[in-house]
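Next, two complexes with chain A in common: one pairs it with chain B, the other with chain C.
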Partner chain A sequence: MENITQALAEIVGKTYVSGQAEERWFYGRDSGLMPAHQPDYVVLPRTVEEIQAIVRFAGRENIPVVPMGAGMSLSGLVIPQKGGIVVDMKRMDRILKVNETARYAVVEGGTSTGALHAHLNRHYPRLRFSIPDSPATTTIAANVMIHGQGRLTQQYGFNSDMVSGLEVILPSGELCRIGSCALSDDWFSKGPPLPDLSGLFLGWFGATGILTKVGLKLYPRKKMRDVEIFITDSPDFVPGILYEITHTEMAEDINIFAQPLPLIFKDNHHIVVYFTGEDLEELDFKKKKIFHALDGFIRNKDGGFMTIGEGMRKTLLDMPQRSATTFADVTRGGGFEYSGPIIPIDRYPQCSRKLDELAVKYDLKYHATARVIGRGHAMMFAFSFTFNRADADMLERTRKALHEASEYALSVGGLFWKPTLDEQRIALAKMDPQTAKLMKMIKENLDPQGIMNPGNWEVPG
Partner chain B sequence: MKYADIVHRCFRCGYCKFTSDYENFNCPSYRKYRFDTFAPGGRMWLIRAWLTGEIENSERFQEILYSCATCGSCVEHCAFTFREDLVNIFIAAREEMVNSGRIPPAVRDYFKAISIHGNPYNLPAAERAAWAENLPVESYNGQEYLFYVGCVGSYDERGRKMAQAVSRLLSKAGVSFGILGEQEPCDGNEVRVLGEAGLFQFLAENNIALFRERGVKKIITLDPHAFNAFTKDYPEFGGDFEVRHYSQVLVDLIESGKLKPKAFAAKATFHDACYLGRHGGEYKAPRKILRAIPGIELVEMDQNRENALCCGGGGGNFFTDILGGDADSPNRIRVRQARETGAELLIVSCPQCAKMLEDAIKAEGLENCLTVMDAGELLDASIHED
Partner chain C sequence: MFKLKFDENHCLTCPDGACLVKCQYMDFDRNSAREELVKVFRGEDSPVLQNCVTCYSCEEYCRQGNHPFYLINERREDKGILTAPRAITKQWIHIGEPKGKYQLGEIGKIALSFGFMPQLKDIAKGKLFEDVLPSWFFGQEFFCNVVYIHFANTKVFKERLPVVIENIRKLGVEEVIFLHDECYAAFTSLAPAYGMEVPFKAVHYFEYLYNRLTALKDQIRPLNMKVAYQRPCSNRLCGNSHLYVPKIMDLIGVTLMPRTYQDENALCCGSIFRAMYGYDLMKDVQTRNLDDMQQSGAEFCIFNCHGCMNALSALVASRGIKPLHMIDLCRMAIGEKPDMES
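Entry: the complex of A and B
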């Protein structure tokens, strides 16, 4: 142990390596409900070369390596299942480049979404990226690694679809560039028209390599932004409402939420529609188009637009949305977790009813939230439960509810988003065997020793 | 432990680490160490682990708890309703450590010095008023104000200069004030935040009794830390004095025409002291002083007011130096931020900040382009111009 600590200290400096009980305890768990497992060491590298040296050293010593951003997946993706070295990436936090004309940024692998948001606000007020609702500490690399979603997902797909290039350290320690940046210093495409190799890394949770740089597409930022909420009391109307709104192509983002408390929200489904404009004329035009698109639902008394108070409007327009985090304290208990499958939007009604059923069955407070992905091609539906971390019985009930939600989601055609190890296992079991075999080939070829975030996407057999 | 019913409520989302615009991390200990364990969320989770017996009170745990500068940035930026208690929770955990008898040696030595000598410098009380030699400063004897200088202003060379400047200004403006001199006790603010609740209570009760005995009704403090103790904590023990930080008094004296600043040409930036700003809610007074001086061009650092980065001296770190030592120490980061503004003067309103930042300027090799001045010193210098 002492020798390994010494070796790591020679790479990153002794103040940036710890094998002490406090770091091992803290980095062995996340805010979610997955069982803890401690790393043996935590390191905070500052350079690509340092990470290469760590990975090469780990390879020689056959020690697992788990790259980590802010650790906010809630599904235990950076809990080191087999111990080893947790590589906390957050010291690598520089914004390396913003190409305003070509609308992309290049950031280091530990740069937070908050930092890029602030940087663009200050220096490039006409540009934005798809900021997620996760806390501002969330790193961009981790967010695209888990196929995160954000404010522009309704228009442009998963945040990982907006990647414009990657720099990756392979399990061998070799450095590899993916996309246009492999041929030049231009980071405008992660693959096309070349073979898109980004799929060897995105969605793998670090099991095939460590992202040290990410190119990210930026998008026009309009001067004005507003939000309206359409309410219906039946989940059955939600897919149709979403179809009509997406048909207008006027919305920036579309979220849906349903929750029993406070009572003002009970028994209703709230379709939150964001839209933007360069001026009031554009904003009003979009708003009118969205309103008119839902005329039929209003005429049939199936729903209507809700009056939004200024306080609520401010909360909804907040980016990143801090209020999303405060769901963790509804039970004064510091926790929430969700099973968030990606589903076709026509499955919203049944998922919504299942969530109601699970909340009653397990006596839990819940929040259904959904986000439209890519003009309605799919949506993320979160079976979200808040829990009291100090209440062991509630923790167990929440685990059971989440497990049941996951099985249900898979049964209705959903794909797990940022799946826990259990969800990965049941997804692999259901997967076309040839597809699973291909994943196994990729993993074994890239990481023959199996040292990279072991436990994740391990195809049995 | 007090607040044990709250520690499990932290989600470790990390908002506490940031500035309001998310551009920078603003927790001084996290800026230095960069392990999440040294951020407020890390402390919350580790305190709970300690209370449940999952980790021990180790040297590392002590370093984590005692590197908190109690600057209040986490209180300002946490997303949850219990945020007001964050610093109180860390202090409560320190109290538990003190009660268990296992604390860092530097903290133990601090308490010992206060207990034996009444000051952290292990110096005799007789030297407490040395700063006032050759100044027309009277002993307190029923004047309108007690000018409470505090340990740093009394003993530290840098602090003494501030005390001298402020007393000159008060005298020039005709303010009726006196000092307690060698009878002046330690205010105890750092004793409290380092976790020695019993010693703090002893100091507070004795000081309140002394102030009453001497007929003190109004107090001007040099040090925002004393300002904090007198306004926030002494009332709990019956101390109901009218307390003002010297910057607030100087503003009144300027506005009433009793002090007339003269031209002093310089580009200056202002560093908010945590115990005056975030804890005391006073961001305006020092800036009003600067704006009242003709020729001063005030330029703000990006991180200012509620987003100001602590100098790293709070929470007792001024004396224990747990946060010091390298280029990522908050005082060194702070002087680099000041330098980025192009200012030649870095203005402070706290003797601890003055010392911390002056040391950092030397460590950064910026002596030729950046000078620390207290707002009182600057005003004194401008008036002295004639």
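Entry: the complex of A and C
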């Protein structure tokens, strides 16, 4: 052990390696409900070369390597299941380039969403990216790695669809560039018109390599932004409402929430529609189109636009949203986790009813949140529960409710988003065997020793 | 259950049918107005039941002592004619549900009612309120529940208003100054119309402000401002309080700019229209209202209701007109600097 710590210290410097109990405890868990498992070592590299050296060293010693951003997935994706080395990427936090005309940025693998947001605000006020609603410490690389979603997801798809290039350290320690940046220093495409190799890494949770640079598409940032909330008393109307709003192509982002408390939200489904404009004229034009798209629902009294007070408006327009943090402490004890499958939008009513059922069955406080992905192509539906971490019984009830929610979502055609190890196993078991075989082939070819974030996407047999 | 006091004979002998003739959203002449309201009373079908947008104005237009809007409301409810989407009505019913989380100041014989509008707690400050503060109450337990008449739902206020009256009575107050029209109207219009007894004196805050400003007259510095006044829908239920608007403006040296849409012709802020009918009616009313304000040359738009303020502040500001609440305006007149954020 001492030798390994010494070897890692020689790569990153003594200050940035630890095998001490305190660090191992901290890096052995995330904020969710997954069981902890401690790493043997934690390193914080500063350069690509250092990571290459760490990975090569780990390969020689056959030690697992788990790359980590801010550890915000809640589903235990960076909990080192087989110990080994956690590579904390936070020191690699530089914003390397912003190409304003071609609208993309290149950042290091540990750069946070908050840092890029602040940088653009300060230096490129006409550009933005798809900010997720996770805390601002979330790293961009981890967010695209888990196929995160954000403020521009309704317009442009998953945040990973907005990647414009990758630099990856393979399990062999070799450095590889993916996309246009493989041919030049221009990071405008992650694949097309070439074969798109980004799929060998995105969604694999570091099991096929470590992202050291990410090119990210940037988008026009309008001067004004506003929000309206359309409410309906039946989940059955929600898919139709979403279809009409997405048809206008006027919305920036569309979220849905339903929760029993506070009472103002009881019994209704809230479709939160964000829209932007360069001036009041554009903003009002979009608002008019969105309102008119729902005239039929209003005429039939099936839904209407609620009044939004100034306080609520400010909260809603926050980026990222802080409301999840407040919700996390409803029961006191700060526990919050969700199962957030990606589902076709017409499954919203079923999932909503299932969540109501689970909350009663397991006696839990709940919150349904959804975000439209693309023009109604899919949605992330979060079965969210809040729990007291000091209450063992409540923890167990939450685990059971989440497990049942995940299984239900899969049974109605959904896909797990940032799946836990258990969910990965369920998904692989249900998957077309040839697809699973292809995944196995990719994993074994890239990582024949199986040292990269072991446990994740391991196809049995 | 409480029953609306309504005399059909007043309608049959009405000389002008003003309730519907003056309506800004429906078109009736004198004879058809009378006929339609009688049909409404008798429970027959009438376009009034389908087309009334719940602006409340007919309550003010009627000079016969009847309650045409309350009647329309009753009949709509009888026939199950929804004015608002179900979700909107449900939401409002939930908002007003008592939860035992009310707040009390140091209650005296006279108290300020903040109803269930948190903004009112922030705005009632300074010398103007020295006479009554810290005697105040706030919360759903004191929420007047008048808003449900927008939704043709009389059951809620018939059930809740007597409880609210009792809650206030239990405080032992003799006089309550209401900072919101709907609350004031609940006890001076709606409750009497349904035969509910009110065991305290209700005072509109305009009257209170006028009296306080008169008492502090030597401290008033004329503001020399040109203003437009945004009259809320619920002020139609307590038209007498509107008479204080020009009196207050005179007292503090503010010019109420002449407008097409003022006093009886005032236009709604559009907030309730957006919730019930969508974009077009809201936009039409707001645009006419704002154009009129702008053409009047007003520098400030003076609000009485925070609901109107929420709906229109940004829009009036986009026209170069500064939004300001009546209380803040009056505080400025005695040299105080209100927190504009509130």
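The rule is short, and it goes like this: the second predicted complex is superposed on the first by the 461 of 461 C-alpha atoms of A that agree within 3 Å, B and C clash if a C-alpha of one lies under 4 Å from a C-alpha of the other, contacts with A are read in each partner's own complex, and residues count from 1 in each chain.
The rule is short, and it goes like this: contacts are C-beta pairs under 8 Å (C-beta built on N, C-alpha and C of every residue); 3 or more make two chains touch, one makes a residue touch a chain.
Model, not experiment: these values are computed from the prediction.
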Partners on chain A (chain B, chain C) - clash or fit: fit
First (chain B), second (chain C), both or neither touched by A:405: neither
Touching partner for A:303 - first (chain B), second (chain C), both, neither: second
Chain B versus chain C as contact partner of A:117, first or second or both or neither: first
First (chain B), second (chain C), both or neither touched by A:142: neither
Partner chain(s) touched by A:51 [first = chain B, second = chain C, both, neither]: neither
Of chain B and chain C, the chain that contacts the larger number of chain A residues: B
Partner chain in contact with A:294 - chain B first, chain C second, else both or neither: second
After fitting on chain A: smallest Cα gap, chain B-chain C, Å: 19
Shared contact residues on chain A - chain B and chain C: none
Residue ranges of chain C in contact with chain A within the complex: 82, 84-88, 90-91, 94-95, 97, 99, 271, 274-279, 283, 307, 310-311, 318
Chain B residues within the chain A interface of the complex: 8-15, 17-18, 21-24, 33-37, 42, 45-46, 49, 54-56, 58, 60-61, 64, 79-82, 326
In the complex with chain C, residue positions of chain A that touch it: 231-233, 263-269, 280, 287-288, 291-292, 294-295, 297-298, 301-307, 309-310
Of all residues in chain A, those that touch chain B in their complex: 15-16, 18, 20-23, 25-27, 31, 42, 44, 70-72, 88, 90-91, 112, 114-115, 117-119, 121-122, 135-137, 320, 322, 325-326, 328-329, 332-336, 388-390
